[in-house]
Amino acid sequence: MTLAMAFDIGLALLVVGVATWTIVAHNTFAAVVGFVAYGLLLALVWVRLAAPDVALTEAALGSGLTGGLLLGASTRLRRTETSEDAAELPAGALRLTAVGLCTLVAAGLSALVLLLPVPAATLAPQAMASIAATGLGNPVTAVLMAYRAIDTLLEVVVLLLALVGIWSLAPDRVWDSLPGPRHHADSEGFLTFIAQLLVPVGILVGIHIFWVGSDAPGGEFQGATILAAMWVLAMMAGLVDAPPVSRRWLRLVLVVGPAVFFAIGLAGFAMAGGFLAYPESHAKMLIVAIEMPVTLSIAAALALLVAGPPERAPGR
Amino acid sequence: MDDFLLGAAGFVLAMVALGLVRILRGPGDADRIMAAQLLGTGGTAALLLLAQATSVPAAADVGLVLALLAAFVSVAFVKGAERSKVDGK
Amino acid sequence: MTDATVYGVCSAVLVGLGLFGLIMHPQPLRKILAFNLIGGGIFLLFGVVARRGAAAGLGGDPVPQALVITGLVVAFAATALTVALLLRLFEETGRATLRSDG
Amino acid sequence: MSLAPHTLTILAILAGAFFFMAGTIGLLRFPDPLSRLHALTKADNLGLGLVVLGLLFQAEGLLPALKLVAIWLLVLLAGATITQLIAHAARPNGSAG
C-alpha cells in the first residue's frame, strides 16, 4: 500500500466519521458544525480527485455559505429543541428496518462503483479537442460557458426563482421592507474590526478567483460565492444594512447577468448561426462579457438567499 | 520529498480530527466555535502541503478560500451564540 | 484498488447515512442536513466517474465536474428555500415540526 | 536542486506538525474552554506559520511565495480577532453586544 493510498483511505474514513456525527448528534447546533466540517473535508477530497474547480466551489458554497445559512436557522429554531420534537431517533423495529434499507442502498451503490466499465467512458478528449475555439484554458469553464452554456444560463435563472420563492414567503404587511434580522455593530469593536479586515481582502480574493477562472481553476460561481459571503459578513457585523427588496438598483443587479447572457445568446443566431454560439474570433471576449454581469447577479442572489425574506421596516 | 509532504498533510489532518472529537462533544457553544477555528487552520495547512506534494498549485487557492470562509463561518457562529443568549433572557 | 474506488465506496456510504437521517429524524432542519449529506455523496460519485475518465492530459473528465458545480449551486438554492419555508412555519405556528396532529 | 532547502523544509514542517500536535494535546487535556482556546490558537497559528515557512523554500517564483505568506497573515489576523470574539461569547455573563 502506497502512502497516497493510505492518505485517501484515512481521509475517506474521516469524511464518513464526520457524516455519522452529523446524523447522530443530539444537539442541532453541533450537527451543523459537523456539516461544516463535512464540507471542508470534501473540499480536500475534491483536490485528491483532481477537481480543484469543484474543491473551490465546495469550500466556498458547500461548506461556507451553506454553513452560515444553517447556523442562522438552527439558532432561530433553538427554542423548539427542548420541546416534544427533541432529536430522539425512533427505536425498535422501525429503526432496524431503516438501517437495513439504507445499508442495502449503500451496498448497491458500492457494487455499482466496483462494476463500472473499464475503460471508463470519458468526454475529456472531446472537451480538449475544441477548447482552442473558445479561447479558454480551463476545460471546466469551457464546459460551463461554451459547450453547455444553456445549462449555466438556466441555473442563474433557477437562483432567481429560488429568491422569488423566498421573497413570496413575506407577509403582506412587511413587503417592501428589509430581509433578515438587524445586526448592530458590537460595543467592543472586535466584530467591526474583523469585518473591516476580511471584507476588502475577501472582495480581492473573489475577483481573483473569478478572473483566473478562464485559464486556471476558479470562475464565476466560486468568485460570486466569495463576494456573497463578504456581503453577508458586512451585514452580520452591522457595517451595512440589507437593502429593501423593492429597490430598483437591486432588481437591476439581480437580472443584469441573465439578461446579458440571454442577449448574447440570441445574438449568436446572427453571429454564428445558433443560440449561444460564439464566433471563433471573439469567443473569449464574449464569454468574459457574459461572465462579469453574471458574477454580479449570482453574488447578489446568493447573499439575498442567505438573508431570507423581508421581515422588518427600515430603521428599526 | 513529495511523500514527506503528503505524510505531513495526513498527520496534520489526523491531529485536526482528534481535536474535533473533543470539540464536537462540547459542552458549550464556545467549544464548538473552536471547531471552525481548528478546521480553518488545520485544513488550510493540509491543503497547502497537498498543493506542493501533488503539484496542484490551485490547491493553494482552495486553502486561501478555506481560510477566508472559515473566518466567515466563525463570525456566523459567534453571532448565533450571542443571539441565543439574548433569546434566553 | 485506486483512489477512485476508495472515494466511490465512501460516496455510497455517505448516501446510505444521509438517507437514514432523512427518513428517521423528526426535526425538519435535521432532515435538510441529511438531505445535503446525500447530495454530497451523489456529487462525490460524479467526481469518481470524472476521475476515472482522466484522459487527454486532464486529471479528470471536465463534463461531470462542471455538472457538480452547477449541482452544488442548485442544492444551495434549494436549501435556502426550504430553510426559509421552515422558519416561516415556525413563525406562524410557534413550532417547527411536520406532525399534523396536535 | 541543492540539498539545503530540502533539509530546511523538512525541519520547518516537522516543527509545524509538532505544534499542531501540541495544540491537539492541549485541547484534549485542558479543563476549561478559555485555556483550551489559548492552547489551540497559539499552537495552530505557529504550526501553520512553520508549515508555510517550510513550503517557502520549495516555492517556485515570487508570486506563489507571496500568496503563501498572505494566507498565513490572513489566518493569523482573523484567528486572533475571532479568538477574542469566542472568549467574549464564552464568558458566562457576557453582554450580547
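As written, the chains take the letters A, B, C and D, and residue 1 is the first residue of each chain.
The working rule: contacts are C-beta pairs under 8 Å (C-beta built on N, C-alpha and C of every residue); 3 or more make two chains touch, one makes a residue touch a chain.
None of these values were measured; they are calculated from a predicted model.
*Asks:* By count of C-beta pairs in contact, what is the leading chain pair?
*Replies:* The chain pair sharing the largest number of C-beta contacts is A-C.
*Asks:* Taking the mean of the C-alpha atoms as each chain's centre, how many Å separate chain A from chain D?
*Replies:* 27
*Asks:* Rounded to the nearest whole Å, what is the centre-to-centre distance of chain B and chain D, using the mean of the C-alpha atoms as each centre?
*Replies:* Each chain's C-alpha centroid was found; their separation is 11 Å.
*Asks:* If you average the CA atoms of chain A and of chain B, how far apart do the two points sit, in angstrom?
*Replies:* Roughly 19 Å separates the two chain centres.
*Asks:* How many angstrom lie between the centres of chain C and chain D, each centre taken as the mean Cα position?
*Replies:* Each chain reduced to its C-alpha mean, chain C and chain D end up 31 Å apart.
*Asks:* Note the residues in chain A that touch 2 or more other chains, in rising order.
*Replies:* 4, 48, 50, 65, 74, 76, 191, 194, 198, 201
*Asks:* Going through chain D residue by residue, note those that touch at least 2 other chains and give them in order.
*Replies:* Counting only residues that touch two or more other chains, chain D contributes 74, 78, 82, 85, 88, 97.
*Asks:* Applying that definition of touch, give me each pair of chains that meets it.
*Replies:* A-B, A-C, A-D, B-D
*Asks:* Considering the complex alone, what residue numbers of chain C touch chain A?
*Replies:* 1, 3-21, 23-27, 29-30, 32-34, 36-37, 40, 43-45, 47-63, 65-66, 68-70, 72-81, 83-88, 90, 95-97, 99
*Asks:* Going by the contact rule at the top, pick out the chain A residues touching chain C in the complex.
*Replies:* That would be residues 4-5, 8-9, 12, 15-16, 19-20, 22-23, 28, 31-32, 35, 38-39, 42, 45-46, 48-51, 53-54, 57-58, 61-62, 65-66, 69-70, 73-74, 76-77, 80, 83-85, 87-90, 94-95, 98-99, 101-103, 105-110, 112-114, 116, 120-125, 127-129, 139-140, 142-144, 147-148, 151-152, 155, 158-159, 162, 165-166, 169, 219, 221, 298, 302, 305-306, 308-309 of chain A.
*Asks:* Touching chain D in the complex: which residues of chain A?
*Replies:* Contacts found on chain A: 184, 186-188, 190-191, 193-194, 197-198, 201.
*Asks:* Touching residues of chain D toward chain A in the complex: what are they?
*Replies:* Going through chain D, the ones touching chain A are 74, 77-78, 81-82, 84-85, 88, 95, 97.
*Asks:* Contact residues on chain B for chain D in the complex?
*Replies:* 1, 4-5, 8, 11-12, 15-16, 18-19, 22-23, 28-31, 33-34, 37-38, 40-42, 44-45, 48-49, 52, 57, 60, 63-64, 67-68, 70-71, 74-75, 78, 81-83, 85-86
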